[in-house]
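See the structures that follow.
Okay, so chain A shows up in both of these, paired with chain B first and chain C after.
Our next item is the complex of A and B:
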């Protein structure tokens, strides 16, 4: 049983909301959610918001996907914000030192 | 003075002499006892001071090594490189961190690999759809060949050669169909392989992160505990150091107080001197002055008075106390 992904595209911002379990099975859904925006490379300054409000579980493959998104969205120039993570997930993000790579709020 | 008197005086003098000798012996014994005791006390106090200094040095080195650990001081020479608990815990933290980093790297690369494999899989699907196109062309060719065969049959003898060509074309169309089936089969097996590769990658990429959280929590707890122990140890060491200082001060005071040997010696010397004076004085008084021995009563009294006056004068000269102090707390005494 895996989660579901909802994508909301605004002018300069893509919001990806993940519900349920964020694990390996989500990889193609997650990739599809951002791939077009990056491949188009029209919006270099596009901001990504990863909304984890409904995320119940996260494992290392999900962290790997987030790192890959960051790299494909321009590495250090990427503007990615992770929002609404529940405490236990926030703890995982902090243990992985994500606060140095992403905005976490 | 008659012989009997002289005999009595000699006996009295003898008695006084014996008692004075006893006093002298006692005084000498006092001096020796005090000197012995002082030597031993000085030795033992000096030993105490040395040991307390050693203790102080130990405490200082302990404090220094603790402070060295706090700074995590590197390159301070081999002696400073002793590993303490704090360093051990922070090293554990570092290893845990690099372990987590390693897992993240593996996961990220695995996901990238999965993306590439997904791309490969969709390209395979494109191949399959091209094969469908080829199949359609083969089917059309087959129909065309069939039509050509019918037309050639109508043409009779003239169409015979054409019928052979039509059969050949039909065979080619069937061959093409078979190849297409074989390619389709290979693609299907490749897709199966791709799926099993993805399963392997899934296992590699998916690690539950709760172990890292728990380990991190434990390391943080240990760090807190070590800090508490360090603070307690530091405070205790400060107290021990203060006690050592006080011991040193007390030993100093004790050693200073041992100066009383000097005073006792001087007092005993004065005692011995006065014993001599008393002996001399009684000798003269009892035996009478040799000059006045033959004289009459008045002359003897005059001679004895003369001796008393001389003695009083000597006593007055030497009567000042050799040691003025009554207690050890008075006055400044130099350490020896």
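Our next item is the complex of A and C:
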């Protein structure tokens, strides 16, 4: 059982919201979600918002997917914000010190 | 499709033969069951038409023997029968028949049955070849897994994880391969390095990353590099070899029983817990770094947490497979349940078993969803030697020869690299007296750190007397080293061969102001008292140790005998 992904596209910003379990089974779904945005993006400075409001669980494969998104969205130039993580998920992100690589709010 | 007709009625047989031949099937005929079986074996037909009542051997028995002889493929048998009662027909199927055809024959029905059997036969052939391919593939995978497991277990056994007296460990993979790598090994100076690495994912893909990691861990530890160096070099390597979405949450621990210190570099693993004799947590070392293999390391990313080692400390290191283990209902074991075991009710020596017991009781029969590792460092046993000694690296024996090497390290060099591994490696490549590496490393390390810490950085060992002072000492050391702009350390190694070994003269001089000659004695005693065995240890290993100048030049003679 894995989660579902919803993509909302605004002018310069793409919001990807993940409901349910964010784990290795989501790999191709997540990748398709952001890749369409990157490929179709004329503007290199596209901002990504990862909304974890409905995310119940996150595993290390999901952290790997976030790193992959960061890499493909321009590595250090990437503008990615992770929002609405519940405390236990926030703790996992902070244990990996992801606040140094992403905006977490 | 080659067809065998077994029928003692020659008229029937001829009619069938003609019908089938007209449709292009090659036909062979037998007139009794026994000949039918023999012909089946020699002609290997694809389908058999079988009469029931025949001389020598009836159709039931012939069908049974034919089925027995054709286990490697599917050969349909169609019984030719005059009976139409249910029982008679059931007996045909029981004997191994696949279908029956009632006499007199209808050509259309015969053709339909034959093509139906042909379809089943082809389906069988496809299934069979797929099964064979799968079996071959499975066998190949099994063989590769065996090789992999062999490599993997040799890696784990290469170090001191299993024989270091101060370690207890538990590790259980969720699949054949463990995505958690737990390794431990002694440095030449006798300090113990431990690493737990947890790769993204599980199984084989996670385990392949373990190979370069373990190789670097053992190699660098044997050369005397610090855990900060290890973290940096492993990070560089993993960044090169791992795909972006894979990384390794890792924790490195250095247990130094001489300096009475424990250093921890935690990048992405759960809190390392330190308990004292009350069985309660006295220190919690949180992850302070990004996991390995994600981003390039900056200088501050090498920073380790230092704590003063107390005799009664027990250090617990574990992967998130422990805290994230679930019960039948998907509830997490959690950090709180783990922390609750350190309530002072469980005696410290029982904590390790209590954690495993609590975990198993909680999980019940729930499926394991991640690799689980747990390791305990019992500080009271940190100074005990493993039964087989520390060194696991084979050393080459080079005949004693005459040579001299000199190094001068400027302040700039000292700020950026630890020169000790380089010195010891140069020495080992030139001479490598077998079995002397640890002792030589200790002598060089002690004399060199005296020159750096006291000669150039002007640190006072007496600072280390109190626990706060202990931390202040290391903070001061880091601060002063970062600010070092002047001064140098010169190391000269001179080797003279002897008939049965050799003599190594070590001269280490620093450009610092030195010490008041009247205080040299107290400086040495201070070092003896607080810096572990320090100078006394060097004296016991060398034939002589003399301080010149203002105690800023140390000269030691080390003799060795060929074993």
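Everything below uses one rule, namely that the second predicted complex is superposed on the first by the 103 of 105 C-alpha atoms of A that agree within 3 Å, B and C clash if a C-alpha of one lies under 4 Å from a C-alpha of the other, contacts with A are read in each partner's own complex, and residues count from 1 in each chain.
Here, a residue touches a chain if its C-beta (ideal position, glycine included) is under 8 Å from a C-beta of that chain, and two chains touch if they have at least 3 such contacts.
Please read all numbers here as calculations on a predicted model, not as lab measurements.
**Q** Have a look at chain B and chain C on chain A after the superposition and call it: clash or fit.
**A** clash
**Q** Check whether A:28 is in contact with chain B, with chain C, with both or with neither, and answer first, second, both or neither.
**A** After superposing on A, A:28 lies in contact with chain B but is clear of chain C.
**Q** State whether A:95 touches chain B only (first), chain C only (second), both chains, or neither.
**A** Both partners, chain B and chain C.
**Q** Going by the contact rule set out at the top, does A:105 touch chain B (first), chain C (second), both, or neither?
**A** A:105 contacts neither chain B nor chain C.
**Q** Does the superposition put A:58 against chain B (first), chain C (second), both, or neither?
**A** first
**Q** Going by the contact rule set out at the top, does A:67 touch chain B (first), chain C (second), both, or neither?
**A** Both partners, chain B and chain C.
**Q** Counting only touches as set out at the top, which of chain B and chain C does A:45 meet: first, second, both, neither?
**A** neither
**Q** Looking at chain C, which part out of 458-466, 494-502, 512-520 or 548-556 clashes with chain B after superposition?
**A** 458-466
**Q** Once the two structures are fitted together, what part of chain A is touched by chain B and by chain C alike?
**A** On chain A, the overlap between the chain B and chain C contacts is residues 24, 27, 60-61, 63-65, 67-68, 71, 95-97.
**Q** Quick one: which bits of chain B touch chain A in the complex? Just the residue numbers, please.
**A** It is residues 97, 100-101, 103-104, 106-112, 114-115, 118, 202, 205-210, 212-213, 216 of chain B that touch chain A.
**Q** Considering the complex alone, what residue numbers of chain C touch chain A?
**A** Spelled out, the residues of chain C in touch with chain A are 198, 200-201, 244-247, 249, 267-270, 286-291, 294-295, 320.
**Q** Would you pull the chain A residues touching chain B in the complex into a rising list?
**A** Chain A residues touching chain B: 23-24, 27-28, 31, 58-61, 63-65, 67-68, 71, 88, 91-92, 95-97.
**Q** Spell out the part of chain A that touches chain C in their complex, as residue ranges.
**A** Within the complex, chain A contacts chain C at residues 24, 27, 60-61, 63-65, 67-68, 71, 94-98, 100-101.
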